[in-house]
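Take a look at the structures listed below.
Each of the two complexes below includes chain A, the first together with chain B, the second together with chain C.
Moving on, here comes the complex of A and B:
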């Protein structure tokens, strides 16, 4: 196992190095640079442009800059943003990341869960009328042109019905005299979500070995109710009580983007689950499970869905990465000031340190996600577990 | 001992397909006594497995039982709801499956897959009781206790088949159906498994339906048997009687196609032709095209099929009996 991990780590490092070099070269291959707009101003002294370039080290040859950048990168120095000068890319990412993470982790959880659930039921009800209609809907939402659909949703829910805000992640007038930054609330909300998910997960693991199915189910339900009560008390006391209306404001702004993106993202998972599950349902061990007199639900969830989970998890982890990339589009449409907008801005204005920092963040994220996919494979399929140990 | 654990009367089952109904089980009648092993023999596609699956109603979705009755220990099984059937499955009738290789879910431990069945039918058992029970069963079929925590892919074919037998016995079923349990195994392991089944049967006094295409295995394993051809039983009775005095030409052909270990080398007789398509409506005796000495009656389709008693508890199709 240790050997396998070291191997993987080396591989990941190599891939990342190549990724870093090629993105740096690509960004520098773009025509012009961030400071060219200075030339447009006739009032500036003629040598100002050259001086600025020299200040930022942009007058050096490309290869030397690349070398410097990579050495500094591994020292942990990412430079300064050209546009927001005194700020470093890390500061910018730290400010934007919670907003994106909050939105897209929720979207991902929803999309995966509903997709898997819907796919499971579709395969189980193969041939029924509802199956046909839901499959057609899924194919539609899988193939629809995403920005068009998002705008349609904005128009309908934001403008026609007026139920939900059109863009931005908060009402500025509400936050005018707020005693804290919006990031504080975001971080708070993320921790809250992480902790309740963990508690539910632990409750699930602890009850795993209880023999009686009804007791297990009741215990799990109790833990769910306890979490609900616990979160009610959490938001009803002390510091959190002050933060509550602000958190509620952010949550309110999140509804439409979460709903829209989930609606589009779930379809891929659902269709894939449906296909793999239909293959699994033909297997002999499903017949064994039926012959044992197990309930339909148990055969579906424990015997069929569990085996069908494998390809679904892989594809899901690939989509996580693309969804973070896709945040560029989503955040632009919903005016959500997160990572996506930061990337777009940095690339358009050739703010290379910020663009590089955000891209390498995405790169690391993708590599880690794939690594986790491999690990979860071993957990889901015991046949792989044996091989990777050897 | 004479009490019948299972009675099947005039069972008809067909598969609905695009090209028409396939009558896989036609007018089948047989019974299994308590503690007895009963053999079903016939070539591939003759409906053996369809009969077995009809007993617990686990056929494919397009299968329909059109008429007949199945009584297990006095309880009528035809017309039960899915939930009522669930309690009959494994607790009443359990199955040792054909392909042991694929009978296990690859991602769940063997022990858990057996416990799951016990849990379904004995919900009040503790985990410890269930594990004790599995250990007991494993000892009976000659498996080590450590298999409980193994995954299916870590076991050899023979071990998997033994574990399947343990699984089939886990809920103390009234009747066990062994559906070609040795098909995918080599001859040595086949013999071991057969001995294992026999041993367990003697030990527990099991009622057993043994399904096979191999008439030699049936001879070894069963006390009474039935020969199936094209969805019908063409001959049934005590195994000894049938072997000593086969009355149907198909049974005779089956017996002639099996090599004998003792005696001179003789050329084996094989049966020409193919079984009839089950979609077509049948005229007269379905075996007549392949029969060695058909009469004019058989050929013209005037004779009717149906079992008649030729000796005590020994039935054969009347067409062949009348021909001689």
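Moving on, here comes the complex of A and C:
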């Protein structure tokens, strides 16, 4: 196993190196560069363009630039952004990442949970009328043309009813005399979300083995109420009290994107859960459980759903990887200035340092996730382990 | 191959098709999906027929350059400064249907209460234009048909390219193992690492993307990426089956084992992948033309893009014929392919069936 791991890690490093090189070449293959707008300004001296290029080192030959970039990359120096000059890509990512993470972690928690519940019920009620209707709805939301749907939602809730804001992540007028910037609030909110999710998750795990369904449900409900009370006290005391109105402003702006994306994202999980669960229901041990005289609900929740969870969790890991990739479109429509917009701007305006930094950030993320998934497969399925090594 | 053997094979194949069709018919949603796909295929074929037989005049009905010189009589009104008034509830209601705002008539001789003759664009649905016209006077129904041609061409081409690539590469990875496998898996890692939409932005910056190019690019990206991994794991399960061993013992060459024993057994899964990847290709095309990055004359994504940039998407359902048809078409065709895929899934995967 150790040999396999070392081999795999070496391969990963090689892949990352090729990834870095090829994306740098791709960006340089795009016509023009970030400073060409200087040529259009008649007020600048004629050599301003050349001087700026020389300042940023863009006048060097491509190969030399590539070499410099890769050496500096492994030294931990990512250069400076062309558009937001004094800032470095790391600063920009640190500023934008919390916004995207906040939005999409909540979306994914909701979507995964509801999707799993719906899929479980779908597989269980197979052949009934409600199954057909739920399936049609989830197929619709799985394949609906996303930008179109999001725009219609914006129109309906933002303009027609006027309940929710149409774009951006805060009302600037509320933040004029704020004692901190929005990222502090975002980080605070992320920690808050992570902790309450963990508490609820631990409550689920602890109550998992309780036999009686009603006691289990009551305990879980109690933990939920405790979380509510705890968060009420948290936001009502000390520093959090000062931050509360600002956090509420951000949360208010988050409602519409979260609702829209969840509505679309839950369907994928639901349909996947249904398929895997239906395969599991044909297994012999389900028949055994039925023959033992266990209650239907118990078979569904304890015997079938738990096994069906495995591929769903794997797909969940891969969704986390595609979060930032998928955020490009969402953030564009809801004008949410997060990572997706950063990538889009960097690519369209050829801000190569920022684009490279964000690309490699995503690349490392994807590489590690794929590596973990591979190892867990090898660990879970001995056939694949033996075959892929032999 | 002798004649008798040929006959026997034909019979077996026909029996298999019949059996699978019976199984497919049992899934009602699969039939619904097939119906939707056939409906859009009919639309795609209908447009050239209408042009060729002369039912539609190309000058009027062409999806890109057509124009209807029809004139309408409109009542000139003056929109009030404050709402609500007796006639109008909110600013969106004025001018109502059949009326025109005085401010928008650039003819000083016309006064309020007169009838003003103009060509009305976008025109609401009428007997001549079933789904109305867009802001440039082009027939929406004809655009819808053109869009479904584009969607079919793109979806089927990219799915074929992608699935052919991933099936062959996945089987090769599973069959040869070792270094070949490691190389192919790392290659798919590399493709998965590149974020999809930004990558397409970059490509569209230095290549003029037409439908064909986009289809091939989407196919290659899909074919080298995640589906190789899935196909490989399916092929690994085929590789350990006894009939592969017996083929090897009887002296079958590697190529023969690969192409006539492993590939046919992976093929059902590949077909399934193909149907599902059509859904993805249609969606990506629409997203790209929605963002205005493709060099296409007309497509469903472009129709939505136009209705958004012209500002009609936030005008509510007053201009429904600009907003609903294109978006619903993308949704329904993608959903139709998805439902067909689900029906096929039940044919190939016995565990999903009712009995």
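Operating definition for what follows: the second predicted complex is superposed on the first by the 337 of 390 C-alpha atoms of A that agree within 3 Å, B and C clash if a C-alpha of one lies under 4 Å from a C-alpha of the other, contacts with A are read in each partner's own complex, and residues count from 1 in each chain.
We take it that a residue touches a chain if its C-beta (ideal position, glycine included) is under 8 Å from a C-beta of that chain, and two chains touch if they have at least 3 such contacts.
Keep in mind the model is a prediction, meaning the values are calculated, not measured.
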Superposed model, chain A: greater residue contact from chain B or chain C: C
Touching partner for A:306 - first (chain B), second (chain C), both, neither: first
First, second, both or neither for A:293, with chain B first and chain C second: first
Contacts of A:132 with chain B and chain C, given as first, second, both or neither: second
Contacts of A:147 with chain B and chain C, given as first, second, both or neither: second
Which of chain B and chain C A:285 touches, first, second, both or neither: first
Shared contact residues on chain A - chain B and chain C: 383
Chain C partner contacts - residues on chain A that touch it in the complex: 11-12, 14-15, 18-19, 22-23, 26-27, 29-31, 126-127, 132, 135-136, 139-140, 142-149, 151-152, 154-155, 159-160, 275, 278-279, 282, 324-325, 328-329, 332, 343-344, 347-348, 355, 359, 362-363, 366-367, 370, 377, 383-384, 387-388, 390
Touch list for chain A against partner chain B, complex: 209, 211-214, 283-285, 287-296, 298, 302-303, 306-307, 380-383, 386
Touch list for chain C against partner chain A, complex: 28-29, 174, 177, 181-182, 186, 189-190, 192-199, 201-202, 205-206, 233, 236-237, 239-240, 279, 283, 286-287, 290-291, 300-301, 304, 308, 313-314, 316, 323, 326-327, 330-331, 334-335, 338-339, 345, 349, 351-352, 354
In the complex, chain B residues that touch chain A: 56, 58, 82, 85-91, 94-95, 97, 99, 102-108, 115-117, 119-121, 123-127, 130, 151, 153-154, 167
